Every structure is written in C-alpha cells, then in structure tokens.
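Given below, in the form of structure tokens, are the structures.
You will see two complexes here that share chain A, one where it goes with chain B and one where it goes with chain C.
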Partner chain A sequence: MRSADATEAPLPGHRHESFLIHSQFRYAKAAVLLVVAAIVVYLLDQPYGTGYGGSWAGYTLGTVGALLILWLTWFGYQKRNYATIRERLAALLSAHVYLGLALLVVATLHTGFHFGWNVHTLAYALMCIVIASGLFGVYAYARFPRLMTDNRAGMTMQQMLGRIASLGDELRLAALPLDEATAAVVERATATTVIGGSVRRQLSGRLAGCTTEAALAYLDRRDADKPPGSEEAWLRVRVLLDEKALLLARVRRDISFKAIMDVWLYLHVPLAFMLLAALFAHIISVFFLW
Partner chain B sequence: MRRSWNISSRRIRFGRGTGNEVPLSDIRVDLTAAALFPLGGGITIEAVGPSPVRVNGNSAKAAAVHPGDEVLIGPYQIRLDPPPPGFDASLTIELVQPLGDSLNRLNSSSRIGLDRAAISKRKVAWAGVLLILAVFLLAPVVLYSSGAMPVWRKGGSDLTPITLVAALWKPGELSNSHRFFASNCATCHTSPFTRVADTACLACHQNIGAHTDPNAHLGAVRQMVDGRRCTDCHEEHRGTNGIVVSESRLCLDCHRTLTETAPGTGVSNVSGFPTGHPQFRATIVADAAGPHLQRVAVDTQPAPIDRPGIKFSHAAHLVAGGFPALGYKPMVCADCHVKEPAGQGFAPITYKQQCAGCHALDFDRADLPWPNARVPHGDDAGVAAAVWNFYAAKALQGGIAEPASSEVTRRLPGAPARIAVETPEGNPQAWVAAKTEAALRTIVFDEKRGCGYCHFGTGPGGTFDLSEALKIHPGGPAATAGDAAKAPHIIAPVLLRTRFFPFASFDHSRHTAVDCEHCHAARQAEPVGALLIPPIKTCTECHGSERAEMRAQSTCISCHGFHRDFFGPMRSADALPQ
Partner chain C sequence: MTSTYKIVIVGSGPAGLSAATHAAQHGLTHVLLERAPHLNDTIFKYQKRKHVMATPEFLPLRSELAFKEASREDLIESWTGTTDTLKVNVRFGVEVTAITGEKGNFTVTLANGETLSAEFVVLAIGVQGNLNKLRILGADLPLVQYQLDDPDEYQGEEIVVIGTGDAGLENALALAVNNRVSLVNRVADFPRAKGGNVALIEAAIKRGDIEHLVNCEPKQIEPGVLLVETADGAARVQCNRIIARIGALPPRKFVESCGVVFPNDSPTAFPVLSDTYESTVPGLYVVGALTGYPLIKHCLNQGYEVIEYILGNVIAPADEPLLQAKLDRAGVKMTVAELVNATQQRVSLFRSLTALQIREFLIHSEIHAAPVDSVVVRRGEYSNSLFAILDGEVGIQVDQDDPSDLVNLGPGEFFGEMALISGRRRSNTIVATAPSLLLEVDRNIMIRLVRSELHVRQAIDDAAVARQISTFLGTQVPSKIMSEVLATTLVLEFKPNESLIDEGGLDDAVFLIRKGSVTVSVRLGGRDVVLAYLPAGNYVGEMALITRRPRSATVRAVIATEAIRIDGRSFRALLDHDMELRRTIEEKLGKRLTELQKVRMHAQETSAVEFFMRHGLGEATDVLVIDESLCVRCDNCEKACAELHHGVSRLNREAGPTFDMMHLPTSCRHCEDPHCMKECPPDAIHRAPNGEVWIDDQCIGCGNCERNCPYGVIHMAAVPPEKPGLLKWLLFGWGSGPGEDKSPQGLAKRTGSKHAVKCDMCKDIAGGPACVRACPTGAAIRIDPINIMDSIRQGHR
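The block that comes next holds the complex of A and B.
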C-alpha cells in the first residue's frame, strides 16, 4: 500500500494544471456569476408582450454578448503571439472556454427566445455552432493528448516513420529469395505505404486497402503452399510485416487523434469570423431600421 | 563503393537471384529481370521477368542497344560504354535509387496533418465573411436605399427576390393589420438610423382618438400622455397580435394614482381587476330636459334612478300571461331590444319601432263611425292641429254623434250604446274650438289615457301645460305652422340612451350564452327607472384578472379602449416634428 503522501504530493514546478481548473476554477466562477446576472436581468425586465432584444434587458444582454464575442475572438489573435502570452495562456484559455459557455446563455436570453429566418438568428446560429465546436475542442483537448501518449508508447512520429522505412528496407532484403508473386506483394507493401492523406482518411485512422495488410493476408493465404525451401525467408518477411503493420496502425491512430484535435478548428475559426460579420450586420440592421 | 569484373558468357542475365551473371540485390528487381546477348552483329537486351526494362527511358520487352545507351532495371541504371578491345560490351551498373532514401521517400509521400489536407481556414473565413456582408448587410441597405421596395403587393407571390432580401432584416413577425405593406420597410422606417416617427403612423391613423379630454386639467399627467410616442405602446415586429399592448400595468402605471396626480378629472384610482377596480359608475339621465347626465355607482343606496323622461317600467311589461294586444303572449326582452347589426349593442328604442305596436295613438273610439283617426307622435303642435282638423271636418259634415255618458262609465254588455247627436249649430268655429280643447284636455293629454300614460308634461310637476297649444284657435293651427321654434312643447323631452358606460364597452354578442336576466333583473325592476346595469360582481362571476386561472383572463382593454374618438384626435399631424 502506498502512502497518501507519496501519491498526492505534487512535484514542484511540474504539476500539469488543466485549463479547465485553472486558478481553482476562477473563470468558471466568473462565468457562473455572469450567467446568474444575465438571468436576473432577464427576469427583472418586464416588457409588454414577451421578452425580446429591444427591451432594456435585451439591449443590455445584447451589448454584453457583443463585447464577449469580440473579446473571445481576440483570443485567437492573442494566441498567435504565443511568446508574449505564454505565461497567461492557460488563464486566457480558461477564460475563453468558460466565458464562451456563458455567452450561450447571455445571447439566448438576448433573443427572448424569438427566432426566424433572418440576420439576427443567423448571428445566433453561427454563435451556437462556434460554441459547440469549441466545446468539442475542449472535449478533444481533455481526451486525446493522453490517448496519443499511450498510443505512441514513447516514440515520436519521426521515430515511428523511420522504423517503418527501415522495416521496408529489411523487407526488401528479406524477400529476395521469395517467388515472384510473393515478392511483388511484399514490394508493393513497401513501396506504397500510405500514411495520412485526405481529411477523411486522416480522421478515420484506418486505410482501406492497406498494402501491408494485404501482404499479410496474402501470406496467410499462401501459408499452406509456400514454396519449399523458402520457409525461413517466409517467416522473416512475416515477422517484419507484422511489425510494420503494428507501427502503421499506431501512426494512423496518432494521425487520427491529431486530426480530431484539429478538425473542430476548421469550423470554429472561420465561423467565428463569419459570426463577427453577421453580428455587425445584425447591429447595423437594428439601428438602420430603428 | 565501386568494383569491376569481367564476365565470359553467352549471355548476361540481370536479376536479384544469385544465379544471374549480374546479381542486382534489390527487392525491386525481378528474380531474373533481363538478359543481354549478341544478336546479328549487335547487342540486344530482352526483359525475361514479368517487368519490362527501360531503354533510354522507353519501356521495352526487347531492344537493340549500342554504346551510349542507358537501361533501367528497377533502381539500377546500366550504361553501355564503348567496349575495350576483345570485349563485346562494356557495362557500368549503378544503383540510382538506393534504399537509404526510403525514409525521405516515406516522409515526402505522407500527408500528415489536416493543414496539408484541408482547405485553408483563412480562405473559408474570408469567403464566409464577404458572403455574409454582401447578402445580409449590403443587399438590404441597397434595396432600402434604391426605393425598389414595392409600396404594397397586389396579388402575386410573396416570395420574390425583393421580399426575401427585405425579410433578412425582419426582427419579428409584423402585426396582422400591417402585413399587407410588409414588403416595404420604408412605410414606417422613413429614414435610416432614426426611430419610427409618429408621423409615419399618423399617415394612416390621422383620426385616432385622444385618451383624455383636451380641456381637462391634467397637469403633469398631460405632459406624460402627450409626450408618449406611438411606438412606446405600439411596438411592431412583436408577432401577429403584438401591436396592441394588453398588459394591465400599461394602464395601471398611471391610473393607480390618478386621483392624486390628476384630481380634476374625477377618475377613480384603479389598481387592478377584479381587486382594485372601483364599482361601475353608470352615466344615467338626471334630467332629460337639461339634458343633465349623472355618473353614479350602480350599487348606490338608495338605488340610482335613470330619468330618461318616460314612465317606463320593465317589470310592468314582463308580466306573466302577456297582453291582449300581443295575443296574450308574454313579452320577452328581444321584443323591444333589437340587436345592432354587429350584435355588440342594441338599436335605439323608438316609439315607432318599439311602442307603437301596442301603444297606438288612436283618437277615435270604437263606437264612432270614423275609425283610425290618430294623432302624430313627437309633434306636440301637430297633435293639437290634428284634433282641430278632426273637429273642423266634423263641423263641415254637420256634427258628430257621441256617447251620451262620460267615458269612464262602462256600458253593460249587450246594452245598446246611448248615442247623442251634437251639431255645431250657429257658430261652427267656436264649436270646433270647444270640442278641440275638451278633447285635448280630457282625451289626448290625459294623465292616464293619453300622452300622460308614458310622458311627462313641461308644466309644473310634469303636468301638461296646454295654454300655448290652445292658442292655435280661433286662428287655427296655421298660426304656428312653419315656425317650429315657436311651436309649443307640451311633452317633456325624452333622452333614451343606448349605453350607460361611455368609457367602457360591453359586447353583448360575446355573451349570448348568458340569459339577459342573469345580468339585468328587469322583472324585479321597481320603481320605474330603476337602473338595470349590473354591478361589478356580476362580471367577476366569470371574469378574473389578466392571469386568472379559473376565470376568463381580463385586462383593462378587455373593456376599456385607450383611444376615445369623442375626445378628438390624439395627435395633430401639423403639430409633430416632420
């Protein structure tokens, strides 16, 4: 039995603190406070008819929401200058996540739950997609780094690729004594090693028609009638192919994890800018036709 | 690494197999890939494995080769040099694609990372931003500024490019009454970046009634009412029924304390309904001759009496068994109270429509030979003239035959009438005058049988003053003809009102499921003139507050309108800033 001290004492300066619990949930608390304030404002407001964006609470929540959107988008700009905000990055990210979630409540209350096929709901819908994709990002950042570490088993991507390349070399040598057809299969597995590729292929982490898998399947099929005298070469090729297939699976899984961690940004970032445009059009439209 | 050796053979085979004259140890080479042999004075190379060879870049199954040619077998390049003396051929073999490059090749053939596979985030963002600004900002601004929006659409499809673009900015559903011009934002939004002005509303609603009497002294309340913009209360784009605010607090904000803030108006404080609403105050007639109206709480004790100038009793008409003139059919409310076409209220009561059927102004008597003589209704001078004319005509005919006894003496059934013949004798004019005066006094303006049955007179205590009316003779009725102002008024004015709550409206058509007498206790209406308007508790049997759970939800505007046409226009368009 290990003592509690041994397991729980943090290593000074080495403790990894998730952005989610940064500064003891300081920004989570701030976001909750903002949400509660928004709900109070919404409930205090008693416009004639149902609540809507044009009441005093509507304007208040709308202003807060618009400022939040500007600030949240500015985070993307700050993040580009990593060197200058390195110290504050975790704090900024924590605030980005929690205030982004709070924005969902603020903006929803701003709508007064009225939606239509117009620029106003367009801005809201874009905001919802941006927040949803961001939420997926939080999930991905919480889940996949650990999976990637486990999957890599201490190797870097370049190490894995180098091993695959040298396995190819070894395979070519090992397959020298094999008959034509088998050698061709092994050579194809070596020459056409597809790693990465299209978005779908990277995300899936699998490759239909992998030549290495095909070579292993071929060896399985031919196992019974392998040419006499080539057993040793056969076995050696088999071992090398197995190892390569294992490495390839790892590499592809690694690429897949990384792709999933990146893919949400392809929604998050462009839609955030489209949201800014829609927000601008929304505000102009409201006061243009006051 | 470089080495040279000599080969003596009929042919030279290339391949990865060790039995070849030139073994090429690479997996990419066939076991036996090609053979080189002399043929017809030259040298020929022939691919003997499954793969072709490439001679000077051209794929070939067999080809003659000469010094200077280059042959590719897998990753190996075989160059033919001019043969030294005594040799058929000289070959230089070089591995041009060594296996050591495999990592580089693997790296360069791999596409790792979405940034190398997906389209640029920046391009998508720019395209999206520009698209949104063009469609959702530029297009509506251009459409609004160009004046291309149709004033309103007469038929045709609602879905045109123009209406679709206009709808992009629509913040909510237009009210139902304004939807017909929904295709043109500029109908109300007359200029950009300014709030909708009252003038836009008044363009159509110029006669909308004021809320207050323009002559009332309201003090600060006046400024508050006059300072309101139309859109303060009437917000558009709030749904199909949203243009009229129905919440009571819009009214109560002022009316809660109106007794204090505008004491001159006589308006009671209201803090809600049913709790907080004062007893109904009916406007009844205090004096029809004035005319003088009076506003009185309907539950005042003693019970308020409406004095429309007529001796009418609902209870006397609603007797069980009915009346002979109606075939003994019991009367019902609808016999007299005829619905207005819309059904909200009832048509005004008139003698001709409601009374004449039973209360005919017959001047003849059944036992006289000139039936159907009648006096007119509503024309006092005309009545006197009609009687005078009657006797004048009789005088020309030589007199009349009348019952000898007075009218109050009843004949026994079956007994013959005792008839006395009366003639004008020597002075027909005096005879006619005397007969007219007697008839007017005893029959027409009689307190019990004649006009007095229903009407009051203009004389003291409601008596009939005939002095003016009798001046018509001996000159005859012509003396006053054509001068209505001088015509004598014997009957006191009548003022029958159709509504008792000028500041509230009650829609009878929406209450048809309720029996009349459930609210109006007409059968018990004593004394004459007793007010039949029910008190507030009659309403609250069914009606509750605006948030009532077990009653009909009722707000101020369920009964009261804000704009009252009888106060004149709410806003004068001339007085507004343009």
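The block that comes next holds the complex of A and C.
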C-alpha cells in the first residue's frame, strides 16, 4: 500500500532554460550585489584611492577574491561528480559565469590600481586572461549550438560520413563513361577525401586543395569543350560532386564549430591552474616574505 | 484377466509421473499407463535441445523427480533414472478407452480389451493428446503432420506451416534454416504469438527466408499440393510436407465419458475439481494440465499431493506457506482457505475461477488491510494493478477540487481496471472509508486471466465502460440514463492511422478513448494539420453532437487505440436530462473552437505536433527533449548516465530526429503500454509508481525487449570493470575518465553475460534524472509529452 505521505518529488527542469537566464537571472543579480558591495567597501576605505592590498578593505576584497577563485576552479570537479549535482548543473554554470565576471571587479579593486612587474600583477594578469577566455566560451556556447544544428540539416555526423562514403562508390560508377583525364580527376576526388586534421585545419573549417572542390573546378573549366555525347554522364558526376562538396563543407564546418567550442577550454583550464599557482605565490609572499 | 491396483495413473507427463514415483515411494500397488512407447510424451515431443525453464522460481518443489532449468534431453534422462530407481510400474503403448465404477472399485478398460481394477484413478492425460486437427479434405494424407520433433531431420523440402501461434512460428523458423517454408496465415499479422517470436518471424519474412501467405484459408489437401483460398481467389501451394500447429483442447469427450462434470460449455473449460483434485466422481482425481495449470512445476507438485490426498493425509498445498506469509505480512487474521473462499464467494469477478486458479493468482497478489482514511491509490500515480474489495468500503474522489465528493464501492466490487486497460496514470484518488481488506492483483496475472477467461474479460469490460462514461460525463449519472447509454455503446479497436471520425462526415457518435491516443486534424491547403493530441481518457466527437453539422475535423488513432462509441441519440438524451453536464460539455467545446481558431492562424506551430507524433510521443509518458539551440554537444548527459548506471550509458545524445531545434535523443520514452514489457520471460521489466519502466536483476539477457522496442532505446551490454575515482583521473590521469569507456580496450575488458540496459529515469537516485541534472546549459529536459504540446501552443519551450 502506498503511504498517504508519499510526496511527488518534482523533477528538475520541465522547461528549456538557458544557463544565462537561469532562475530569472538569480546569479546575475547575486553578482551585481557582490560588485556593489565590493565598490562600497573600496569607497569606505581611507584614505580614498590610495588603499590597496594592505588595508582592511584590501584584505577583505582579497579574501573574497581568493575564495572565489578556489570555488570557480572547483567547478571542473563538480561538473563531473554526477552523484552530487543537487539541482541542475546549469545553475552551477550560471553562478560560475556571473560570479567569475564579478571576480574581475573584486580583484581589480583589491589591486587598488597598483600594477608592477611582480608576482602579484602576474596573478592578476593570469586571472584576466582566464576570465577573458571564459567570456569567449560564453559567446561560443550562446552562439554556436544553433548554427551547428542549422548546418547539419537534420543529419547526424555518422549519417553524413556514411553518405560521403557511398557517394564515392556512386561517383566511380558515374565516371566510367567519361574521358580518361576527367575520370582521373574524379577518381582523385573519391580516393582522397580529407576531413579534420591539424588544429588550424579543424578550426578554419576549410581545406585548401580539397580534391572534390578541385574536381568541380575542373568540370567548370572543361564545361565548354566536354566530349560530345557524354552530357548525361557529365551532369550525373556534377550532381554527385556537388552533393559531396556540400556534405564535406557541412562536416568541416561542424568540426570547426566543435573545435571552437573546445579550444578556449585549452586556455581556460591550464591558465586557471597557473593562476592558482600564482595566487599561492602572491599570498605566501604577502604574508611571509613582505 | 483383471489386475488389481490401489491406484491407476493415466498419463506419464510431469503430473502423472510425479504421482507414480510418489506412489512407488509409498510402496502402493500402482500402474502408470502411457499411450506412447516412452515416458512423458509432451516433453519428449519438444523440439530437440529445447531449454526448459523451472518457473515459478519461488514455488517450492515437492516431488521425487528433480527439476531445475535444463535441456529437454537432460530432463528426460534424469526422470527416466528416477523412475527406474523407484521401480515404478509403467506400461507403455496402452490406451485407456473407459473408466467406470466408483471409489474403491473402478474398472479401467484398455483399447486391447484388457481391464484393470483400481481403488483410485488419477487422470493426468493433459491436453497435448488432443491436438486440433485440420478439418478439410485430405487432412489425413501422410504429408500432413501435427508435430515436429527435430527440424534438422528435414533438408531441402518444400514445407507449408499452418498455424501462427508460438508453436507454428517456432517450427517455421527452425525449418527455414534448411528448407523452403511457406507460412499460411488466416489474417495478416500474428495476434496469438509472443512478441519475441513475432519479431523473429517478421525479420525472416523480410529477409525472404519464409514466404508469408496472408489472408489465406486452407481448403483442401491433395498429394503434393495445398489448395488455399486467398483474397485474390483460389491458389495452389506446392509442398511435400504440411505441418499444422493449431492448438490443443482439453479432451473433454473422454473425460466426460468417465462421469466428470465440466462447469460450462466453453471448449476451453476445465473439469470441476475439489481442493484435493478430486473430480465430481469420488475416487477419480484429475491432475496436470487438465486442471488449468500449465507449468511443469505445478504439475509435479500436484502429482505428489494427489497421492497424499488419496492416502487420506491432510497436507497443505505447496503454496500454502507463501500465501500464509502474505496474510501475516498484511496483519490479517485469516487462514488461507478462508481467503480463497472469500475471494471466490464475495468477488463476482472471480466467481467462475476454480479454487486452484484463485490460489495461483493470489500468489501474485498483495493483501492489504487498509485503515480508515488511508489512501489506496493516488491520482496521477502509475500502478497497473487491479484491486478487489474483500471487506469494508472505499470511496473514489470524483472531484479533484472537493475530496469529500466520493463515490463508494463496497465488498465484492473492484477498481483500478482503467489503469489496467489504458496503462496510464490513475485517474482518481481512492481512499478507504472503512477498515477494509483489499486484494491487489498484479497486472500481468490479470491480463492473463482476462485473456483466458471470457467471464472475467466481460465483467472487467462492462465495469470499465460504465465507470469511464460516468467519470467523463459527470459525477453521478442517473442509472436509468446510464443503462440506456450503455445499451447503445460499442467498444471499437482502431489500428494506427485508422480514422475514428472523418472530416465532413455526418455521423454523430461520441468516442471515449480508453486506450492509445488520437490526433485531431483538419485539411488546410491540401495537407493535414494536427490541431490536438489526445491520450486515453479524453473524448472526441461531441462537437458534431451539439452543433449537428458535418464533422469539422478528422480524428485518427496514433497507436493501436480502443474507444467506446456512444450512440448520438442516447447521448443527446443524456444531455437533455442533465443541464449541468450540458454546460460542462459546452464549455469544453468552446475551448476547442478557440483552439481551432488559433491553430488556423499559426499553422506552422502544428507541424511540431506532427513531428512529435510521428516519432512516438503519442505513446510516451516521459521523454528526453534537447533544445539544440542550447546544447553544446559536450555529452555530459551521456557521461552522467554511464557514471550512475554501472558504466553503461542508456542514452545516445546524437542519434534521433530533430525538428526546429527540438532534438529527441535515443532514450526511453516510458511508453504508456511498454512494448518491452510484453514478452519478458522472467518478468523482469516493471513500471514503478511514478511511471518509470525499469529492468531488475532477474534479466536473463534473452533480448526480447531489445527487439520489441520500436525506438531502439534498449541494448544488451556487459558491465565494464570498475574505474578509479574521479580525482585520480583529474589529478593523475588514471583510467578513462567519466562516462562510458567505448574504446576498443575498454570494450574488450567487459566480460560476463550481457543484460538488457535501459533508462530507469534514475528512479533510485536522489534529485531525478542525471542526464537533465548534468546538462550545463539547460538544454536537456525530461517532460510529459502533453506538456510539450502545451508549450508549443504557448509558443515557448
């Protein structure tokens, strides 16, 4: 028998809601509050405009900033520790983004606008780069998903690659009636199809010297003097090459989107660890070596 | 010459053999008569190397014969050994033609004229001796056979299989390996076979391994030819062998000739028996399949028990302690016999069942002692059992807003049949209004009863129709009008895409959808535009009733759907008598008209509804939808799923269709009537109270569910080895990191047997579905399809 007090646990997320607007900008509001509080602390400090790290306001802002950095870095662990994600990871990411932005203000006020060639400014600079790379991540996350879906036109990567492979067979058949020189160009387009590759190639989404493009260009050049009687085969090859070129462009663009959405993390994460090291150096030098 | 025995046992199947070994154990004078030249003809005739299951597992075995999961060959060998050791007196090749006399002095006449004299007779002849034969000209020709022992015996033949039950399909599949097989089917599908077999046969037909002759009726057999009647006229099918597997029936004529009474005229009826298996002829006992117990273990137990009963020993049936434990657990002071009695006497639904059948389903039932005001079922909850009231009273809360508005049910009545039929959530909360004794019967058992017992099916159907009409049309419909309406209702079945109502039609019937779901659509600019999606529990067609104009829309079944059709005139009579009811209906009608207007203005939105319908949301109860404008393809959803489910992800994020940024990944939809649940041999697939369909540890890895799922969301997987913890990977790079290790090395490390894995909606994990929780951008949600329709209509996601 089901007991009378059995409660229906509400499942998280019954509507699609971006991490940027999560819970009606709850974490954006929290970040604004933090920024305002930091500015107030900074303004209250005497003498105005001269105080930095060493004053009570400086210690307060520094402590808050250091704790924020530790917590923000901890996100990498949290997002993978699935059993302990209480509400939704989107809430955590929302907080990560907005509090990360607030950190920029908190830490800048903590410097009191004093910079120099030392470990303190190094930590600050690293932090700025981490935040900037994070900002790029936010931009990528907000912009590319929709472009990726549009680009794929309802096909999965698997399907596109499968179709490209079968187009190769069809092209070989279709090219049989063509003259030898043209058939050789088409054969090259089917035999060597390059997808992905170096970081630069992945990011650009284009391939200089794509054999399929080359074959299309060749057909264009020969269009006027194509051998008489081969119009039908010519057209057939042309249509197949067009489809292959379109799919290749889509696949390469898809890879490029994925690469862009990943590449900033290769800055964001290692720099965050460097920042942690610099932060410890900064704290230790301030308290023990000053 | 007449030999005299204490006990004559007829038939050496599991029941007869078990009785004979137990009689031999007791040293009683006995003889076991077997028509065939070997023991246990039924099991002997199983397909070679057939795997015999020892279900039900929880039932203790009482027999001299050992029985656990084994091949046909091992089983026969083991039992033959026991029979020899105990020196059972068996006579092969003898057929009994008559049993006369009375307790203490029976005369058993054999086909050769010999007579045996016995104090007691145990009839264990089963039903397999009475195979149905073809009733057409030439049915006795030598090319026709009704049994297939070893499919490998036949090579390169042209074989026709008649019969599309499990036996027919299994034979056709086995024979198709080395022969050309044609399957004769009276209809076009396979309604009488297990889903697993249907999937296999359909695949074989598609591959061209088996020729499927649909809508085909055998007419006559000539040497080498089967003459059939098809939709296109008469046809000749060349063949050198015909295998007819068209079922078996209790050998009623012979049993009746012994004086045994049957309860009714149904050809599927079993003899009337006492609790001790004694028939209406004192001293003549019936055990085995002829009692309605088809499972081997039951038969073995009955054989043992019947000998004890004949000796005058009072022993409790093997299931007695199990049933008593159920009563004790519920805190009910009652004996098992009293419970069986109460079930049979008080609940009219079960009156036609024998005490043995009742014991059998009580094993699969729960007994509840419900105190006053306790909630028995909760509205919106998933559970698909049926409740019968043995004592006390319950109230159905018919008005959601006013919990005190109750319709009361008393002893003998039952409830929960709606959830049983539709597989959807409970439609009303039900509370105990007095201390009550309730019986909760498991859905699978109930469905088995409904299928096999005409009376039960009729009773359930009548009650469901009446209750559905009153639930949907008003709180209390005057019984006079109700009976008038009931007299003109029909329960109709619709295939997917079949229309209930056609736009422009002039009929005026109302349809209450009791199972499945429908779409309401109109023709706009030359194409169908779906206006609404209505699952079971809704009604359609009332618009034409009130406006009395041609139908304004077409209503089509999305999946196999059952609807109650109410005649227009009696429905109008109902409305004329009840102004309040009229108002409710008119209010709904008004809403529907506004919706119609809105849709005509935003025709684009509705194609989203069409998309979701096409991809099976018509039968889904909870579905994972990813908003691709938010999804960053990080696959954290898959990783979280794998991490929390033994390293195997149950969803494939990229696979599946997309429409306008709405992506349906390959992930369980928790169908209202789950396809996967249909043919699970160990009954390992369940539906939890919140609707989750999940697989327990009993899974034997047969793959039926994987084949039956139309959405490809179940797969067979072996559990991967344990991985080091997350921090070890993060800091030192040990192991493959979070998520499923799909690398070739990772896959190679998986050993052990494969089991079916599917989404269980993280029902045992605090916080709900991990895929949704782990989505960093808010792209993944799990949602009831009805809410998707609503949000599409409101223009936001």
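We adopt the following convention: the second predicted complex is superposed on the first by the 268 of 290 C-alpha atoms of A that agree within 3 Å, B and C clash if a C-alpha of one lies under 4 Å from a C-alpha of the other, contacts with A are read in each partner's own complex, and residues count from 1 in each chain.
Please note the rule applied: a residue touches a chain if its C-beta (ideal position, glycine included) is under 8 Å from a C-beta of that chain, and two chains touch if they have at least 3 such contacts.
All values reported here derive from a predicted model rather than from experimental measurement.
*Asks:* Which partner does A:Met157 contact after superposing on A: first (chain B), second (chain C), both, neither?
*Replies:* A:Met157: touches chain B and chain C.
*Asks:* Could you say whether A:Tyr82 touches chain B, chain C, both of them, or neither, answering first, second, both or neither?
*Replies:* Only chain C; A:Tyr82 stays clear of chain B.
*Asks:* With the two complexes superposed on chain A, say which partner A:Arg221 touches: chain B (first), chain C (second), both, or neither.
*Replies:* neither
*Asks:* Of the two partners chain B and chain C, which one touches more residues belonging to chain A?
*Replies:* B
*Asks:* Name the contact category of A:Leu176: first (chain B only), second (chain C only), both, or neither.
*Replies:* first
*Asks:* Thinking of the overlay built on chain A, is A:Ala90 touched by chain B (first), by chain C (second), by both, or by neither?
*Replies:* Second partner only.
*Asks:* Is A:Lys258 touching the first partner chain B, the second partner chain C, both, or neither of them?
*Replies:* Touch status of A:Lys258: both partners.
*Asks:* Once the two structures are fitted together, what part of chain A is touched by chain B and by chain C alike?
*Replies:* 157, 258
*Asks:* List the residues on chain C that touch chain A in their complex, please.
*Replies:* My answer: residues 368, 370, 373-378, 380-381, 383, 625, 627-633, 636, 639-640, 643-644, 654-655, 657-658, 661, 663, 689-690, 726-727, 730, 738, 765, 767-770, 772-783, 787, 791, 796-797.
*Asks:* Can you tell me which positions in chain B touch chain A when the two form their complex?
*Replies:* 16, 25-28, 30-31, 49-50, 99-100, 102-103, 105-107, 109-118, 121, 124-126, 128-133, 136-137, 140-141, 144, 167-173, 185, 189, 192-196, 233, 235, 238-239, 242, 245, 247, 249-250
*Asks:* Which bits of chain A are touching chain B when the two form their complex?
*Replies:* Answer in residue numbers: 46, 48-50, 52-54, 114, 116-120, 122, 157, 161-162, 164-166, 168-169, 171-173, 175-176, 179-180, 183-184, 186-187, 190-191, 193-199, 201-202, 255, 258-259, 262-263, 265-266, 269-274, 276-278, 280-281, 284-290.
*Asks:* Could you pull out which chain A residues touch chain C in their complex?
*Replies:* 1-4, 6, 8-9, 11-19, 22, 76-77, 79-83, 85-90, 92-93, 140-141, 144-146, 148-149, 152, 154, 156-158, 258, 261
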